Structure formats: structure tokens, C-alpha cells
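See below for the structure under consideration.
Note that the chains take the letters A, B, C, D and E in the order they are written out, and that residue 1 is the start of every chain.
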Amino acid sequence: MSEIVELNVGGVHYTTTFETLLQEKSSLLHELFSSKNGLVKDSKGRYFLDRDGVLFRYILDFLRDKQLNLPEGFREKQRLQKEAEYYKLSGILDCIRGERESRPPGCITIGYRGSFQFGKDGLADVKFRKLSRILVCGRVAQCREVFGDTLNESRDPDHGGPDRYTSRFFLKHCFIEQAFDMLHEQGFRLAGSCGSGTAGSAAEPKPGVDAEENRWNHYNEFVFIRD
Amino acid sequence: MSEIVELNVGGVHYTTTFETLLQEKSSLLHELFSSKNGLVKDSKGRYFLDRDGVLFRYILDFLRDKQLNLPEGFREKQRLQKEAEYYKLSGILDCIRGERESRPPGCITIGYRGSFQFGKDGLADVKFRKLSRILVCGRVAQCREVFGDTLNESRDPDHGGPDRYTSRFFLKHCFIEQAFDMLHEQGFRLAGSCGSGTAGSAAEPKPGVDAEENRWNHYNEFVFIRD
Amino acid sequence: MSEIVELNVGGVHYTTTFETLLQEKSSLLHELFSSKNGLVKDSKGRYFLDRDGVLFRYILDFLRDKQLNLPEGFREKQRLQKEAEYYKLSGILDCIRGERESRPPGCITIGYRGSFQFGKDGLADVKFRKLSRILVCGRVAQCREVFGDTLNESRDPDHGGPDRYTSRFFLKHCFIEQAFDMLHEQGFRLAGSCGSGTAGSAAEPKPGVDAEENRWNHYNEFVFIRD
Amino acid sequence: MSEIVELNVGGVHYTTTFETLLQEKSSLLHELFSSKNGLVKDSKGRYFLDRDGVLFRYILDFLRDKQLNLPEGFREKQRLQKEAEYYKLSGILDCIRGERESRPPGCITIGYRGSFQFGKDGLADVKFRKLSRILVCGRVAQCREVFGDTLNESRDPDHGGPDRYTSRFFLKHCFIEQAFDMLHEQGFRLAGSCGSGTAGSAAEPKPGVDAEENRWNHYNEFVFIRD
Amino acid sequence: MSEIVELNVGGVHYTTTFETLLQEKSSLLHELFSSKNGLVKDSKGRYFLDRDGVLFRYILDFLRDKQLNLPEGFREKQRLQKEAEYYKLSGILDCIRGERESRPPGCITIGYRGSFQFGKDGLADVKFRKLSRILVCGRVAQCREVFGDTLNESRDPDHGGPDRYTSRFFLKHCFIEQAFDMLHEQGFRLAGSCGSGTAGSAAEPKPGVDAEENRWNHYNEFVFIRD
């Protein structure tokens, strides 16, 4: 079992082992604690680091588990990055950068033109929601990341780069709640929604179009944002 | 009364008893503190654990009460799970997993086609809200979990698995606020809502349909999400 | 002046007096600290309690002021209840229970059919909002709690129990902002809102109905939720 | 330079000077620390106060700067008030009360009837938003506090007290974003919004009314709440 | 390596070096710690400062890195400003002021008149969203800051100062999600949204206007606010 080390990081006291502090070969901590050159001790004999004491909790955690495991909604990511740079902990920097790249902030809009099923009179006493298509608008790469195989790209004429914005994607299924769930799983939250009905006209509905269904047409639009 | 133990968990100090630490037979804490082999003490004589000091609060709590009782909106569940794995506390892991399974994240949409009661002219000076049916859309299992006996599934033709999405459920009653309360009790929050009116037409209303009631028809849709 | 006591509650240190600890005759603290039987001390001579150290802050506060005074938005109520049960502090349990009973979670919907005043042409250049009635829907007891004397129940035909849901209450006044303020004061927050216009018709407006006012008719609905 | 004092407030340790503690002549702290009668010391020689240790941070801050300067979104105002009452610090009580009076909670609704400018065909390819008037509804005093000189009260017939609710105020300008900014500056947040279009009619538009502009008429309503 | 200093700031203990404390020539800390005149020590020999102990964390951080790096959503900015004034740290004051000036609070509204593409019957089975123009309303300077080169100002007749409000800006592209992303990147959040449809009319659609496209016309408006 490795020797216990008492640390004073900017006034906050931590206890750990030399083994933990030496985990990362290329880090400043390895450099300092392998030779012990340049290290000073406080009046109680604790090794002293002139850095923020609170964030060192996650530095130590990373050295113990080789994983960066931050609280949900952690609000000091930028500050932690600065500390990791100071300590030359490339593993932490990679994690923070990797997360930012794989889950970039952005916005996806989901819309549908809907109505209700009125068709067979007398029979269908409950009129259920009827969606035509679920439209997906946003950055191409982000739409693909969220919807994967359920995305239909066949009607998007510009086969350009993934940073392009499109409003010509739609889903292969008609379950809006499944689309919501997939967005939610990828860290998007519903930030706003609007609905609108349609205008009536003096003209007769086209043949084959149910007058009631026509009357209930509406467009609902849902804006999802990932921070 | 059991003997007092002073602990130094990564620099945070706890005081408890051996009795508490030995509660879980298969845990690492039982293994360590029953034999005391492999345990080291810090310079003040406290037993030392090279782990996160803050999360140990809930580990200790669990050992005292045999229950996992986390703060409302606790944001370090994933980190706590990691600690429980390290300490081999299957009781905590079961709680975290069990909660995730019984209350999975997801989305349920509630919609209604509504109008106002105009019928008896001269008499009813107040026109109250009139709902046709409360429609329920979402994953089958989740809709059942929330609405139980108040759910009418009779018009859903696909009697498939509970992971299927449906938009053909509705409620046996017409009190939208009761539906909201039931969703709220199960941890869903209202994330967005949209309303739309209907289109007018040049045609006369069908016999038996009140013109005013027709004119006020609208569809309101409410999206509930559980994180 | 009472004697000072140093406490070690699960590793967190508190200082108080015997007088404070003996305030509640039927509590475990009174039992322990009046006889001092069964109490142990830590290595620094502090009395030791093998319980959560953080929540003890509110336990002590209650003993000092005989009032439970928690932070706004306190997120450990369930955990505090557990501690109060352990310490047999019925005063705290009564407070937590009482608050839950007098302010149960729930949902109230406020709706209004509105338009604008167009009547006297040439004169009224500003067209103000015109509400017919403010409709109130929700659990009977909760509607009464919030709106008290301003609630008109005369058109609710089912004079049933207070747990019933109703959609036939309305307010005696027409100031929607006053309704919002009353809901807000009782801890409800606006969780969602939807608006819809009305459908036009080929028919002439009824005699006495202003065509413009008719055209601007809309229904706005506001969902308030208390957690 | 004044003498240093070490304090133990309910177990939390503070260091300050006698000069700071004696700042407020009529306070309990002045009474206690000028005579030192009735003061006791803990085992380390720190002066002991049997009160909440965490909130004392703001008590001390106030004594140093003669100002109450709380964190944004501070959630223990009620608890701090209780402490200030105990310490007889009328300056703090005045601040808390003053803030509550000058910024009472409440609700203001902003609405506008809008359309788009279509007039000069061929020329104006972009159709901009066209607002008629920005309507302001809420408690008279609160509307005045927020909108000051930009408020037009000329059409409000009831020149009653400031606690009255009105729906007959409007703004002297037509920039809805300016209204939003003024509400935001006074601590109101946008809690909900609804939109609705208008109904069509078989009748011809009145002379001078643009048919397109007529068709796009809508009413948008924004509810702002201050906690 | 510089000499270690132990500090007691209002009861919170920090450890740092003289080198760090002397970084800012014109600060009170430089004045105090270069001469050590007027400095007092507590009973443990730590240098004592009679100021808030918690906020000193960020003061020290700034001295170490010459950068102000606050947690995301930091809620004590006003309190930190007060401390920086006391310590005469103009670097921190400049940062706080600079941020407030470059990112002032405010409101921008984004609106669009939309419909769906119906044109080529038989071919286009999916009807995609069709936007006319994305309208931008708000303070001129703020709109420019957010949208930069993508903003079209050509139709704004008042070439006044940047503090003016305008509702005559629009974007050079038609991707609403790109507009949302740009607002989001600049710290605006979506605070509310409303939609409305259009009124029908008895008149025939103008030549060249698709009847279906006409019927689905709607106006959606999104309010973004930066705190």
C-alpha cells in the first residue's frame, strides 16, 4: 500500500497517496512528486500547491479512476479546464474537449401538420390525432446524430457538408413522442412551442378530402435546444 | 454502544462507529474494517480512504438507515454510482438502478379538442369549457404507469409490446387537470404547449351542430417530459 | 447562561448549549443529554452522534427558535424528515406534514374567451382587451383555497366533495392579472399557455354583435402548477 | 487597528475585529461585545454565539460595509431576517423590507394586435411586423413603476388607487422589445405567451383596409411575473 | 520559490505565496504585504483580513492566473465587485465591467411568416416548411452584435444611433435554426413563443397564389432574452 500524502491546495486540505499523484507520467504532479524538487510544505507539514482548492477534488478523482466523472449540470467546466492545463493533465483536457465535440450546442426544430381522423362516421366516436409527416430542421450533422436511421434525407437536394442547415429532412415514422424522446436522450430540451390553425376558404374541399379533417388542420412547431 | 471511528476520506473527515461500517457483509468497507488489514491511518490517527470525500456522506447515510435517501434534484447520481461500485455496496446500486427502471425518462403528450357550451340561449350566461376526449400519446408502458385505470385502450389496434409508441389512447374522464395532476405526481413536468383554432367554411354547419360552438373549436396540446 | 456543548455529528462540528439541546422533552436529544447515558465522546472530547452532519443545522435551528425556517427551495425535506424521525422531534414532523397538507401539489387552469372593444367608431382609437369571464378549472378544494371570496361556484351542478375536479367555476371579476397574482401568492407557477382564434363563417353576425369584435375572438388558456 | 476576535457561531468559526462587531449601537452584538457580560468562550477561547453559523457570513458583511449585499437569487432571505431580528440589526431588516416594498411580486401582461405591412405592392418585398398599440394590464402601481413616462393612462376611466387592476393602459411607443427590456430590468421574467389569429368573414373588407393585412391579423399576449 | 503565507480571511483559511499576493502593484494587497505595516495575525499566526472569506477564492485565482475565470452562472458578481473595490484590484473590476458592456442584458424577437410547399402536385408528397423572411426586432446594437454579416439593414429607414429599437431588420438567409444558434451562442435563451394562423376570405386567391399554401399561412414569433 502506497504512502499517505497530505496536501494543502490553496488552503483546502486533501489526503491521498503518492501512488495516486504519480498516475499520469506527463503531468506536472508526476514531475513534482517524483523528485519532490521544488515542493514546499506548509506549517503543518502538508505539501503545498498554490492553486484553487475546490476544483482539485475532480483532479484527484480523475487520478484515482482514470475517468472524468463530473456532477450533472457541473458549472465550473471552464475553470476545471484551466486547472487541467496548469497540471498538464491531457486526459482531462481530452475528456472536456471530446464531450464538447460529440455533443455541441445547437437547435433542432420539429414540426408537424396535423388533424384528426373523422372518416367513418358513426363508428369512430374518438377522433385521434393524425400527423402527416414529422419535419426536422437544423444542422445536418446534428439531425443525423439525434435521429440516425429514423431520418429520411431523400428529399434534401443539397448534398453538402454536415455544417449546412436544412429544412428538408423528415422522419420515417409518425410518432412525435418518439422524436421527443430521442432528442431528450441526446441532451436537447424543449425550449419553446407554437401552434397555428389554417384559414378557411369559400371554395369546396377537393374531392376525397374530408371537410371536418380539413377544418381541424394545424401546424405545431417545437424548438429543442442543447446547451 | 459501538466504538467511535474517525475517518479521513480523501481529506474530508467523518466520524462514525465500527458497527455502522460493518453493516453490509459483502462490502469493501466490511472487508477492510473487520480485519483492519490493509488500512492505513493519517497523521492524526484517522483511518484513511483514498476516495472522494464529499460523496461519502451518502454512503454513510445508507449504512446507518439501510435506505438511500438523496436530496431532491441530486446531481451527482452517476458519481455516487461509481463510488458504490468501488465500495461494493450492492444495496445502493440496486436503489439507483431500480429508480431508473421504475421511472424511466420519457415524453407523454396530452391533447384535447375543445369548445364552449352555448346551447341554451338566454339561460347559460357563462360559457364553460367543453372537452370532447382527452387524447394520450406516448410509450405504451409509460402511459399505463401514469394513468392506470383511467386509461382507455380499447381503440388501439396494435396490441404490441409496451415499448411501442401509440397515439390511440384516451382517458375515461374529461378532467384535464386530473390528467395533469397524475403526470405531475409521476415526475413529469409540462415542457411546452400549443393551441390552434379551426378553419371556417362557406358550408352551413351540419344539423344539430351549434354554430357558435363550431366557431370556437380548438385543439390544445401539452407536452410533458420526465428527466 | 447555559453550559457550552461541542458536538460531532457524523464528522461535522457544532457548538451549542445544553439548554438548547434539552428544549424538546420527548425528543431523543433530551433523553440522551439529560442523563448523558449512552453518549460517547470523540477524541477531542466532543459529544458524538452517528447521524448526517449537514442536516443537523436545521435541527439545531428548530431547537433555538421553536420554528422550522428552511431556505427557499430547500431540496432535502425528505431527508430532514428522516432525521426528525430519528431524533423524535415531533415539532419538525408536524411542520413538514402541515405544510404539505395546507399546500398540496396540484394544477389549476385559468382560461378566458376574449376580444377587443371596437364599438364606438371614430372615438375609441385604442382597442382594449375585453374578457367575457375568467374560467377556473381544477380540484374544488384547491380552487377555493386560492380564490376564496372571488370564486363564483353558482353554476357548478355537482355539489360534491372537495376532492372532485370541476370545470364550472369562474371568477366574480374580470382582471386576469389579479387571478395570476392570487395563484402566484399561493405558490403556483405558470407552467404553460396556449391561445387559439375562432373560425369564420359565411353567415352574417347575429344582430347586435360587432363584426370586428367577432373576428378577434380568441381563447387563451394558462396552466398553473404547484410542486 | 482594532483587536482581532475569534468567533464560534453555532460551530462555524469567523475571525473579525471588535471594531466591526461594535458598528451598530443598538444591536445585540454591540450590547454583548461592549461589556462582554454574558459572553462565554468555547474550549479554544473563541467567543460563542448559539445561532446559525452559515448566515452569520452576511451579518458580518453588513457590519463591515454598512450595506446588505446578497448573492443573486439568494434563497435564505426569510432565515436571514430571523437572524437579523435576533441580533437587533434594524439596518438589515430595513433593507429586506425596503426591497420587498419597492419590488413587490406581481404580474403584468403585455399584448398587441399585429399584422404585416403589405401596402405598396411591388416595392416592399419584405413585409415587416406592424403593431397597433402595446396594451399593458396589471396593478396600476406596478405598471407605473415599470413603464414610467412611456405609459399612456389617458383612456383609463377609473382614477382610483394604485392597488386597483387595470386593463386600459397602453404605451406611447410601439417597440415591444423596449417594453420587454423595461420589464426585464425591473426583475420581471416572461412566464408564458399565447398567440391567436382572427376569423375570416364572407363580407368584403371595409374601404381602405388592405385585404392581406386583414388576413394576417393576430393577437399575441405575454405574461410577465416577478417573484 | 516564493515563501508560503497562511491567511485568515474573515475566518476562512487560505494558503498562498507572497509572490502571488504581490502580483498587482496598485492593489491594497500589494500595499499591505510589501511593507507588512498594519497587518495583524490571528492566534495561529495567520495574516488576518477582515473581509468575506468565501469570495477571496476568486481574488486569489485572479492573482495566480491574471484572468477572471468565474463558474458558469456565478451568482455573486455584485458581491465580488464590492470585494475587488475594497482590494483595489482594477483588473477584476475591468473584467466585470467589460463583460457587462460587451454582453448587456436585452431582448431580441425573431419572427417569420411561413407556410408549406404544395406546388407540384403528385410529386412532392412531403410538404416542407417554407419561410418568407426571418424578421429581427430589438435594439440595433444588440441585433448587430448577434447577427453580424447575416443581418440585412437595407430597409430600416431611420439610420439613427445603436440604442434605437428597430423592427425593420431581417436576415439574409432563411434558416431559422441558424438564427436560433447564433442567439444561443451569444447567451440569449428562448423565453417565449407564440403562433397564429391567418383568416380566410370569401375572395379567390390572387393569380399565381396556391390555395393550399395560402390556407397554411402562419406567423410564429420567438422571444429571446439575455440576463
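Please note the rule applied: a contact is a pair of C-beta atoms (placed from the backbone, for glycine too) under 8 Å apart; a residue touches a chain by one contact, two chains touch by 3 or more.
Note that the coordinates shown come from a computational prediction; the quantities given were computed from them, not determined experimentally.
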Listing by label each chain that touches subunit A and subunit C gives B, D, E
For the C-alpha superposition of subunit B onto subunit C, the rotation angle in degrees, rounded to the nearest 5, equals 70
Whole-angstrom distance, CA centroid of subunit B to CA centroid of subunit D, is 32
The distance between the C-alpha centres of subunit C and subunit D, rounded to whole Å, is 20
Residues in subunit D with touches to at least two other chains are numbered 192-203, 215, 217-219, 221
Contact graph of the chains (line, ring, star, complete, other): complete
Note: in the complex, subunit A contacts subunit D through residues 194, 196-197, 199-200, 202
Note: in the complex, subunit D contacts subunit A through residues 195, 197, 200, 202, 215
Contacts from subunit C onto subunit D in the complex sit at residues 1, 4, 6-7, 12-17, 20, 45, 57, 60-61, 64-65, 67, 69-74, 116, 124, 126-129, 131, 175-178, 180-181, 184-185, 189-190, 192-204, 211, 214-222
Given the complex, residues on subunit C that touch subunit B span 8, 10-11, 38, 40, 42-43, 48, 50-54, 75-79, 82, 105-109, 111, 113, 132-133, 135, 137-139, 155, 165, 167-168, 170, 191-203, 217-219, 221, 223, 225, 227
